[in-house]
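In the two complexes that follow, subunit A is the common piece, with subunit B as its partner first and subunit C second.
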Partner chain A sequence: MVDEAHRAEDRSEVRLGSSDDHPLLPLVARGLQFGINGRRIINDVSFWIGSSGRTVILGPNGAGKSVMLRLCHGLLQPTSGEIRWGELSVARAREQQAMASQHPVLLRRTVTGNLLHVLRVKGVPKAERQALVDAALQQAGLAGLGSRAARTLSGGQQQRLAIARAFVLKPAVLLLDEPTANLDPAAVRGVEELIGAIGAAGTKILMTTHDIAQARRLAADVMFLNDGRLLEHAPAAEFFTAPKDPAAARFLAGELPD
Partner chain B sequence: MNEFSSAIGAALSMIVTLEADLVEIVLLSLQVSLSAVAIASVIALPLGALIALQSFPGRRGVVILLNALMGLPPVVVGLLVYLLLSRAGPLGPMGLLFTPTAMIIAQSIIVLPIIAALSRQTIADLHEEYDEHLRSLGCSPLQSVATLLWDGRFRLLTAIMAGFGRAIAEVGAVIIVGGNIQHATRVMTTTIALETSKGNLALALGLGLILVTLALGVNATALVISDAARRRYG
Partner chain C sequence: MIDASFRVCTGMPQLRRAARQLALFVAGLALAAGAAHAETQGITVASTTSTQNSGLFDYLLPKFAADTGIEVRVVAVGTGQAIRIATNGDADVLLVHHPASERKFVADGFGLARHPVMHNDFVLVGPADDPAGIRGTGDIAAALRSIGEREQVFVSRGDDSGTHKKELELWGAAAFDPSPASGAWYRESGSGMGATLNVASAMAGYTLTDRASWVSFGNKGELEILVEGDTRLHNPYAAIVVNPDRHPHVHAGEAQAFVDWLISARGQAAIAAYRVDGQQLFFPDVVAAVED
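Presenting the complex of A and B:
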């Protein structure tokens, strides 16, 4: 009993946001562990996210950010610990979520074909599909490219298509894994503008990045992950001006992790 | 040498004038091999997809076996089908031996592992790439299979054409179960074997030319299609 209380205290869980009126919030994780072949990738992580603002999981490469995102989306099962999205289990919550990753999996079809595939899988009536496709192309700045093969687009266009495809049915939550890694600055701007527009429309965004400047531009709150541990979870303004965790401070100062 | 060149001349004139015997043989060859490939595909494509997507004990062994069966010697298949269909065999009463149906059965067996193994590889590769996306979308197993088959369609077509190339050029099985009966079960490969041994080089050469053209044409088409698809869809 004492041990239990001690451990809860140890996790120093920060409760952020006031649980806005959102079907899948708060997102709560408790005692999350994940390992492969005896190697711990996520180590005793707990958090509570109530705000529908953009949450950025920040940290160096190999910190476990992508794994965290996949645990939240239910693509990976935690070794131990629990995640809940509001009242729902991860598996049920996934029906109202979509994900786009660093190397987007674009189908070997046209741009329009990629969007239509989602609509067909999700059972959208035929009559409504075209309007949704047009709206998604418009929003992603891909109007006029509908008949191009998706994989022949530029890197930035491919990433915008992947995000537009994830957002085409306006999911309650959008998970983005390093959405702008390997993109040039102009393409990054395009992708970030799209992310901004989607966040403004009320979709909760949970994204990973190792890019401090990007986290500054996009985050409402920041989760700093290092070596599988959640070292700090704070509102962005607080985190960037006065990080409490020494490792976070070093990371923000541009020092390389030991 | 003179005999050779006159044979080529005769062969070409047979092709150009669409000589009746030659046309009959070519059409039967196409009928047998296309039927065999169609039947094999109907079984092999779902089988390949199933083995690629469904994990079960002994899957590795099945994959190795399937790949090994790609090298199945046609004469042995011919022998086995012959034993099955001969009067004393289990399917003897059906009276199929020395008919085009027997040849279709034999070629289906030869081609099936080729199409199944190649399509399994295609689907497995695509699945590795698409799996996370399909799970994120919440695709049902059937929706996943449909997505993978459609996105692999050009490579699957190449697998089917590889099967056709093998069937149309194969001689060992059809000569055993077909019997090379004139106007009944005589196809290009068996005719070439027979006419060459008889010294009738004109017909053998004419059919040889057509066979080579078909085999090269099918392979070239498969390459062009997969190449164009790669450039178009990545």
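Presenting the complex of A and C:
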């Protein structure tokens, strides 16, 4: 039995509310320019990111990847051009984002203290904090290390803590700037696993790297940046097997300066 | 059960009448209380128009009623509205196909647990001569990218439906934004699946459709299924009992019985046995299809 009248096949379904979709997508940029002292660091970049998969901004050092990420997060203002996250301006969207960069900046507190600090600052009710801390430690593979001084952790552990701290407030988007640049291979693996778990839980990951192998492991889609220009944006499968841009092909072949 | 035959030890008519009124009142209370535990009142399931239009409920619900005596009313609306209905406690069960929203529904405490029930899939149909050259590829993102780069006609629902959202996600996976081409090769019908397929047929263009709509579409013309099977084309359905702690009037026991039946061997076999034009439309997720 159907209470609602049988809808004609032609009737549209009701619009899904924005809370059902990813609130910050698509990320759209048009004609972005950014320069310092007359030097163009980001040069006429436009893109559309509509997927909730892990997007990797790949390119050689000096390409402008970090600046690109900071523009997306609102830490820098473009000289011209515009960026929007879904319906939101960059400033509004920032409240639902968190960023972790290459060098983990940890407080002179314990591991737990670093996580509690963020929760306290954001006004999370005291009764809820410990459970969130415990879950974060578990997910980051730091269970049992809660009372250690954060700055005594290994490099990999510190970076996982920094990322867990970024993620403990469950942002819609997690931006990561070269998250494993200073780590040994085992530590890289630990961080990548954490990134994978966070992305699988529905958080949009936008990260930069110059490491081709890492991009292969993590990317759903790749944005290739070189010398301030976005040269190609393609699904990972396509980018790594048949890049259309010649500079991208040279970079993948190891021929562009790293 | 109330003992309605209590006696009044008085001969006075007023007292007898008052006693009768009291007996009726108490009996009425007992019936009201007993109704929740006695014969079934039935449940309301909030689901989607596409699921209803497939005919699956017309097939399944009589079987469930025969097994349990529980009557099921289906409210079939868009996915977003079904979720709102369940959030408001105006349904006992939510059965939709949008995992992200379902997980949020449970995480926010409106549902008890998410039970995967069945899946069907979307397929990409297009003209037999396939100018985009995508026939047989297992990669839906690559196929859409080909269509976009070669500017071949693609017809979109364009109506913010679940199917439309799925299509946009897939363009996202393709890292290709079709919206600048709206009105050119990217045509938005703003209508349901039937109308959209008709436009695709008339224009010999490509479109994304759920398989059930395709099977029952009578105007295929030159169109054929060109891409299928990519896991990103999977369309998974899950059932969730609305949380009685949030909405005490929910018939939680009967709602749970419905969900339990759907994921039981009997329910899963019934889902697998449903055919339209000899084609299986839904594939059980819990139990491998029972051989007959």
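Going forward, the second predicted complex is superposed on the first by the 236 of 258 C-alpha atoms of A that agree within 3 Å, B and C clash if a C-alpha of one lies under 4 Å from a C-alpha of the other, contacts with A are read in each partner's own complex, and residues count from 1 in each chain.
The criterion applied here is as follows: contacts are C-beta pairs under 8 Å (C-beta built on N, C-alpha and C of every residue); 3 or more make two chains touch, one makes a residue touch a chain.
Because the structure is predicted, anything quoted here is derived from the model rather than measured.
*Asks:* Applying the document's definition of touch, where does A:S66 land relative to subunit B and subunit C: first, second, both, or neither?
*Replies:* neither
*Asks:* Quick check for you: in the superposed arrangement, does A:L107 touch first (subunit B), second (subunit C), both or neither?
*Replies:* A:L107 contacts subunit B only, not subunit C.
*Asks:* For A:G50, using the defined touch cut-off, is the partner it touches subunit B, subunit C, both, or neither? Pick first, second, both or neither.
*Replies:* After superposition on chain A, A:G50 lies in contact with subunit C alone.
*Asks:* Specify the partner with more touching residues on subunit A, choosing between subunit B and subunit C.
*Replies:* C
*Asks:* Show which residues of subunit A both subunit B and subunit C reach, each in its own complex.
*Replies:* none
*Asks:* List the residues on subunit C that touch subunit A in their complex, please.
*Replies:* That would be residues 44, 48-50, 52-53, 57, 61, 71-81, 83-84, 98, 100-101, 103-104, 139, 141-142, 145, 157, 159-163, 165, 168-169, 171-175, 177, 190-195, 213 of subunit C.
*Asks:* What residues on subunit A touch subunit C, complex-wise?
*Replies:* Where subunit A meets subunit C, its residues are 1-4, 6-17, 19-22, 25-26, 48-53, 202, 220-221, 233-235, 237-238.
*Asks:* Under the definition above, what is the set of subunit A residues touching subunit B in their complex?
*Replies:* Touch residues, subunit A against subunit B: 70, 73, 75, 94-95, 97-99, 101, 105-109, 117-118, 121-122, 149-152.
*Asks:* Applying the document's contact rule, which stretches of subunit B touch subunit A when the two form their complex?
*Replies:* Subunit B residues touching subunit A: 129-130, 132-133, 135-139, 143, 147, 150-151, 229, 232-234.
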